[in-house]
């Protein structure tokens, strides 16, 4: 029977993608030609047999609501269980921390039937089967399991890191502002018995403390058996426009494509029912990802075209990301740019970004 | 049950023998079409887009894949709580049963289903044809005329007319006579196999038709002539636009080539009239550095390293380096190795084409390759194999 | 094809039901033994063939979200169209008026395919077929049709009223604080072409005016043909605890029950899958409405029991409304009270209200 | 398609002749039960509550009402996008078809459906029984034992044992022998008709069974004995709780009376194990000023002006002033006039009972009234009418 309930905790997410997260939360940022970031965690839940998913939305979640709809695309349109959107009680009050938000929805946790709870973020790009995490959690006799990923380079970015011993048991949790190669980055994803989660959450709330990672996990490392789970699959860290762009471009490597989209089953997203991409006589497309509903008469190189993009005759697109329904006029020239949804580029227009590409806002006419 | 003004009955039992190997394990309506669809998607999308949310799908020949494709109808928004789609196989009684004897008999056998909704009108359509049509406008026309039955017609070239059911109409569109595939056509207004009937009237004619042992229980051959004989009010409704019976390998190929023009008569990219299909959730297509694609339709989940021209690639197709595909239809999950040449061919789902194979030629014939033949390297196949 | 899109405009609703609307918007107040007020308008939409419903939620809509779920109960879990929850962009900004809220969701109106739009409230109890309203709208050649109801008594209550001429054409719109018998109370429900709605909304927004009824409808009575539609069916006005209670008690008249629940088809609501009500040996129930899932061993007179209420042995309930999952202990005595959801009353407890009944808050233990 | 570890095949073709008039137009699984359910709701809810979301429902006798009741499976949360419920009538081939020959043949004919999901285990259940059971625990037991097949059993009174399939087990629950309805029972462990099979093993036995012209193609009579003969690992799984085959008018009546005790063995009001059913959306029941209701179950949509005692009222029942109903089952939409007396009777759906009628008596026999008989005023009917 149902063992794990899933929680997508958006309250702590920082909107780090500049213009892309100006009017939407990071979980609903488009990625990979036809997805939004939240599709990855939702698909992981579906494939792990998790049928009860609570989305703790806090702000800028209108696009997210629209994307999630009834939850049908992820088979979460259910009578019992399914998808629950759980905003804070009163959005005008100040947000003290995720524990407050959880506590407001205590009855949701109490009435859910699952024995375990998995809390995670809404914007990690990965393929993980939480059944394996649960198995390992049980095998280790852990009270709490924290999922982490090794970091591959030195970079300025704010993350919690974990010290683990030889048995993967967590010794310490640090908040870091610069991450180094080999660091164990905590993915804000943790599994425990639901009953323990409720007890800890209530206890901490009543003490007037509100941050789950700091005030519950970090504060209880000695009191409980806290285990690490090292996620070893492909996982890009997206925490800036630069990393968003670079990891998007990495998808043009067929090996990355294979790992992310084929090896673990497909990723579910909202279906748009566009026709196959249409290449006209003059089209020249190389080393690019093209989604359905596109019509291409121009030149596309090293780029990603989301669903429903039109590239008119003579237009050139290089090293760029064009989101849904973009339209590039005749003889326009684009290089190193990211166009958010619905951007129209006029005939003959030239748009050139730098190494860190320029982002053009949703629905702009250039 | 809710009363519904109009419900649709979709005939989907067609064997489609002239599609040869393609329909060996598939009913004709389930044959892949247009890079991501199956033929039946067009009529189901017509229903959905016309606001008809109660659809009985009559299956018989090779129903399994069609059944599991339709599922609960989510793809076409027909998974309705109180109505929606119902798959209706021939009823198997205690003393055995039999296949539907003809199109009219298929409706007759499902009168129980229709009566549940107590409809005014029954729309009878076939899952074999490619076209976009707003049935709600035809229903309006039917009501305005106060008709007992309305038949959708389109003008066909005179030289092809004798392949169709043809009708003569007066200046108010009333049908004065109807001939099924006559040798000497007197009209070029052909029936599209789309009918609206007043259910009470049709039910009466179906009952009488069943009594007649000599009847072939067919709409075109029996029911329509009988209605005309009894002076019922039959009207023609003229349809403008693309309509194609993709009943042969040649017509299936032609219909695909029609989609490749810059401004095709059948627009499958119209956001106000989407063609719905079951989505296999595949990632975007990847077009590699040395690939070249011209005048083609390519679906999600394809990986293209070679050259594709005037062709249609369904989902999950792999085209290896140095291969060239021209004027061809490559159905789902076909894997094409390196240095393959394919010309004017249809490759059926799941086929694996090994490196260096040459398939098809310029002879004008269309080469059809059906799954699991495992084309050997450097083989040269230019005739229909099945 | 689809002709009307429906909008449930919660932005203007006043939460007049004291404790019952303290933590929920009025649209989600329980009513009639198994419904919430919003079920009536949703059922009207379903039965009128309206498949595209936008809910402009503003505050305290968490219970509403939970009740609506995927929209499946009202057959609104659809790919195209269906149910859309549309909160304000930024809930922390001050609310200037419904036009601002509509304007923020302009793309929703623009991409909807329906020719007409019907805007209404979320908490009217009625059975109306909007197809008939549209027919009348067309027959009269109206630009805008306003639906109103005649008022049957003098009362202090804030409503807009309409002056209509012999042809039901609207001559004036007034804001009244006392309503008299025979007044035409405007139900904040209006129908027009969607294109006209969008034009007027944009135009008025750009003028810096934000109230649709005042700044669009009232201001344009001379410019457009504004027609009245007199709703003649049963419709209780609920604008206070007193009127809520009285109209609830009116449901104990089988004629009222017949008009509201049987004559126009059933009202859809969230299904709970409770068993039939169970009457034990000692039960004594008269002149009452009882929902499924109840277990009754005590005495129930002139009362309404919502789903899943337990009445223990020797308990007495008179002239009261007991909402979902209430539990009344042995020998307890209740008269003239309203218990919100989940209230537990201890053994031997006596709760007596006055003519205007006392309300006991959700989940209290008395 | 998704691979599924376990899928369920629910046998719902039962004719239920011993339910007399109640099954004239209904398959037995569709017979109303418990004030708001149909018999099949119990097994479908078991599946849903056990986390089994892929269910093939095998219909044959009078399938229409059952089909439309099941719809797309929404009521039981089985309207899943990628799995869910499928109604499987006997397959009608081109050369005709025939009814399922036996329970095993029914599964054999649907091997295609099962193979789509590539399951490890197939749960075979029947839609005829009233019980609440967590199949996931039985599956765990099956896995622990490493069984080829597991049969759910319950202890029955020795005097009734010969009506069942009985098994002897050793101290590890392994089945050492199995007898179908023996005259001299050696065991009182009866099969509940709930089986879990390793699909690969079962498939092999089904194929062999089909070759055997003498077989009745039944699980109890043929498949289980054949498995035992070949020394397969068969285990019994002991079920504790209420289980009832409501196959006769008397047992159907008894099962309803069982529900009326203060603390019934079958708890239908358990929020952790809801019994799902298609909800007719009716308003709350209205109990009038002069009504009296004791020890009864009354469903939504009822209007009660009379006296009801030890009875079950389904939805939409009207009981007129001065009428008395005792120890009876009143099925949906029955209208009972004024001053009617009903005692120990079952009134089938839609029946109208006129003022002053007297139905049933104390003789001990259960009176069954089936729809459309239009009981005349003051008539006295105390025997079974159909």
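General observations
Note that the chains take the letters A, B, C and D in the order they are written out, and that residue 1 is the start of every chain.
Keep in mind that, in the parts below, a residue touches a chain if its C-beta (ideal position, glycine included) is under 8 Å from a C-beta of that chain, and two chains touch if they have at least 3 such contacts.
Small disclaimer: the values here were computed from a predicted structure and weren't measured.
Farthest from chain B, judged by the mean position of CA atoms in each chain, is C.
Two chain pairs, B-C and A-B, are compared here, and A-B has more C-beta pairs in contact (counted per touch definition above).
One simple way to say how far apart two chains are is to compare their mean CA positions; for chain B and chain C this gives 46 Å. Chain D has its Cα centroid 41 Å from the Cα centroid of chain B.
The distance from the centre of chain A to the centre of chain D, each centre being the mean of the chain's C-alpha atoms, comes to 46 Å.
Residue positions of chain C with contacts to 2 or more other chains are 72, 78-79, 271. Along chain B, residues 74, 81, 274, 276 each make contact with two or more other chains. The touching residues of chain C, when paired with chain A in their complex, are 23, 59, 62, 65-66, 69-72, 77-79, 82-87, 89-92, 271. Chain contact summary for the complex, chain D toward chain C: residues 34-36, 74, 262, 268-269, 274-277, 279-300, 303, 308, 312-313. Against chain B, the residues of chain A that register as touching in their complex are 32-34, 72, 252, 254, 257, 260-262, 266-269, 271, 273-293, 295, 304-305. In the complex of the two chains, the chain C residues touching chain B come out as 1-2, 72-73, 75, 78-80, 113. Chain B makes touch with chain D in their complex at residues 1, 60-61, 64, 67-68, 71-74, 79, 81, 84, 86, 89-92, 94, 96-99, 112-113, 116.
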